[in-house]
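What follows is chain A paired twice: with chain B in the first complex and chain C in the second.
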Partner chain A sequence: MMTVADIVKALNLKVFSGAGGLDREVSGGYVSDLLSDVMGKADAGQVWITLQTHKNVMAIASLKDLAAVILVSGYKPAENTAEQSEEENIPILGTDKSAFEVTGELYTLIK
Partner chain B sequence: MNRYRADLHVHTVLSPCGDLEMSPSNIVKRAALKGIDILGVTDHNSTKHGALIRKLAEKEGIFVLCGAEVTTREEIHCLAFFENDDTLEKFQQFLDMYLADVWNNPSRFGYQVVVDENDMIVEEIDRLLIAAIDRSIDEVEEEVHALGGLFIPAHIDRPGYSLFSQLGFMPPDLKVDALEVTGRTTPEDIIAQFPDLAAYSFIGSSDAHYPEQLGTRMTVFEMESRSFEEIKKALHGEDGRRVSILTDRHRG
Partner chain C sequence: MEHHEFNIEGGDFTRAGYASSQVKKMLKQMGVDVAIIKRTVVAAYEAEVNVVAHAYSGAMYVDINREEVKIELRDQGPGIEDIEQAMQEGYSTASSAVREMGFGAGMGLSNMKKNADELHIESELGKGTRVVIRMQLNATTGD
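The block that comes next holds the complex of A and B.
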């Protein structure tokens, strides 16, 4: 199974925080900017693609045991979001590409 | 203690989605007919009708809280209220600085006009007021409180543009003065799901965009008199003051 580190390398993503979790295994992906939706529908091991940067992102990533979070379109995590990513060992990754582009690339990579 | 009926979430014609009949003079007339004692003026990302409504409402004996319904970067709607013209104007400058540069298309979204007491248009706002401002909910909360204002996340149980829809749950360190719920759920339902929220007051409001919606959902404030300070105390349950949502069976 592919790890978060493999995805970082293949998609040329920035690692903002939580590098301790780069060896997490990736089971799939989920794309949503509504945290209520992610709480209900994302599954453990998925990479979450979003533009939300609020600290609650990490609370939900941790609750759902997600593999990593990819922030799209050049968004950067809020300071306390990055701190929580370090604590939880769930990486926050980044790209200047849009959600559409990075989702397409990730889908092709892990399907 | 006295009981006052408050509708703290009302849009005017300035909001693109606000009906053309929602002029300050019409709103004040309707509010008086509906027995509203305290009226909150909350246009999307603009405070510009507050002062006129306050002036007109004074003659009817209605106390007005001037403010806005802010759309944060996360697309969460939050009510913000200010005590005086100076802090209201400072908050207007904050909104002007951070509102997205997206232009309104009146045929699609509706007109965004400021009118005078005779319903004559004095200003048309070009930037789309229902866009988001480039500040997070935490940053908006900090700004509102730095100006001595009240910060109340709006319709938190709504499936869109709400604290719950956008962030999943209430961030524990967010400093709110109250939480607004729609008629979809009750505060009891919400507290059953999130027990920590029992620490907060809940308000209900009409979110009126049309004249006939004014006062259709209200909050009762039990307090000594109508002032910004008393309202703040009631929202925080201090010194025997309190608030409760007026349900249909209590309305009369």
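The block that comes next holds the complex of A and C.
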């Protein structure tokens, strides 16, 4: 199975925080900016692709045991978001690409 | 039977999810089945966020033993005018600021209903809301 580190390398992603969790295994992905949608539909081990940058992103990533978060379109995590990512060892990654582009690349990589 | 209480501050989104994460830890320690933990976490989180997003203040009261967890949320807040309407997916009274954060999609209560073994909601306009979530646990350890 692929790890978060494999995805970072293959998709040339930035690692903003939570590098301690780069060895997490990735089971799939989920794309949404609606938090209740992610809460209800995402599953453990998935990578969450979003433009939301506030701390609640990490609350959900942690509660759902997600593998990592990818922020799209050049968004950066808020300071307290990055802090919680460090504490939880759930990486926050970044790309300048749009959600559409990075999702397509990730899907091709792990399908 | 263990009892735990967590205060929830209305409007303080930086702490939203804390009480639910404590519940998740307890269930994991008790060796509760992963699928049951997942459902409990979804229901508890949505209920917790509702207090943060809509109420002035509130608390989560957790009563837990190896058979069952009861998660009760009581808040002081505006209350829910029409619970049946609020249960409909897509219906929300959240502010635009809250929606911009990705909350308030009108999926919270239906997430709670889908995931809770039992869900009870009662509300008084201008006073507040009481939500009770019950989950059967069948835990392997704990008391």
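Some observations on this one:
Heads up, the rule we're going with is that the second predicted complex is superposed on the first by the 111 of 111 C-alpha atoms of A that agree within 3 Å, B and C clash if a C-alpha of one lies under 4 Å from a C-alpha of the other, contacts with A are read in each partner's own complex, and residues count from 1 in each chain.
Convention: a residue touches a chain if its C-beta (ideal position, glycine included) is under 8 Å from a C-beta of that chain, and two chains touch if they have at least 3 such contacts.
On a predicted model such as this, the values are computed, not experimentally measured, just so you know.
Annotation: superposed three-chain arrangement on chain A; chain B versus chain C shows a clash. Of the two partner chains placed by superposition, A:S98 touches none, neither chain B nor chain C.
In the superposed model, A:Q52 lies in contact with both chain B and chain C. In the overlay built on the shared chain, the residue A:S62 is in contact with chain C alone; chain B does not reach it.
Once the two complexes are laid over each other on the shared chain, residue contacts for A:M39 go to chain B and to chain C alike.
Touching more residues of chain A than its counterpart among chain B and chain C is C. In the superposed model, A:N12 lies in contact with neither chain B nor chain C. Taken together, the two structures place residues 33-36, 39, 52, 54-56, 59-60 of chain A in contact with chain B in one case and with chain C in the other. Against chain A, the residues of chain B that register as touching in their complex are 74, 136-138, 164-169, 171. On the side of chain A, the complex with chain B involves touching residues 33-36, 38-39, 52-56, 59-60, 78. For chain A in complex with chain C, the touching residues are 33-37, 39-40, 44, 50, 52, 54-56, 59-60, 62-64, 80. Considering their complex, residues 13-14, 16-18, 20-21, 24, 38, 41-42, 45-46, 49, 101-103, 105, 107-108, 111, 114-115 of chain C touch chain A.
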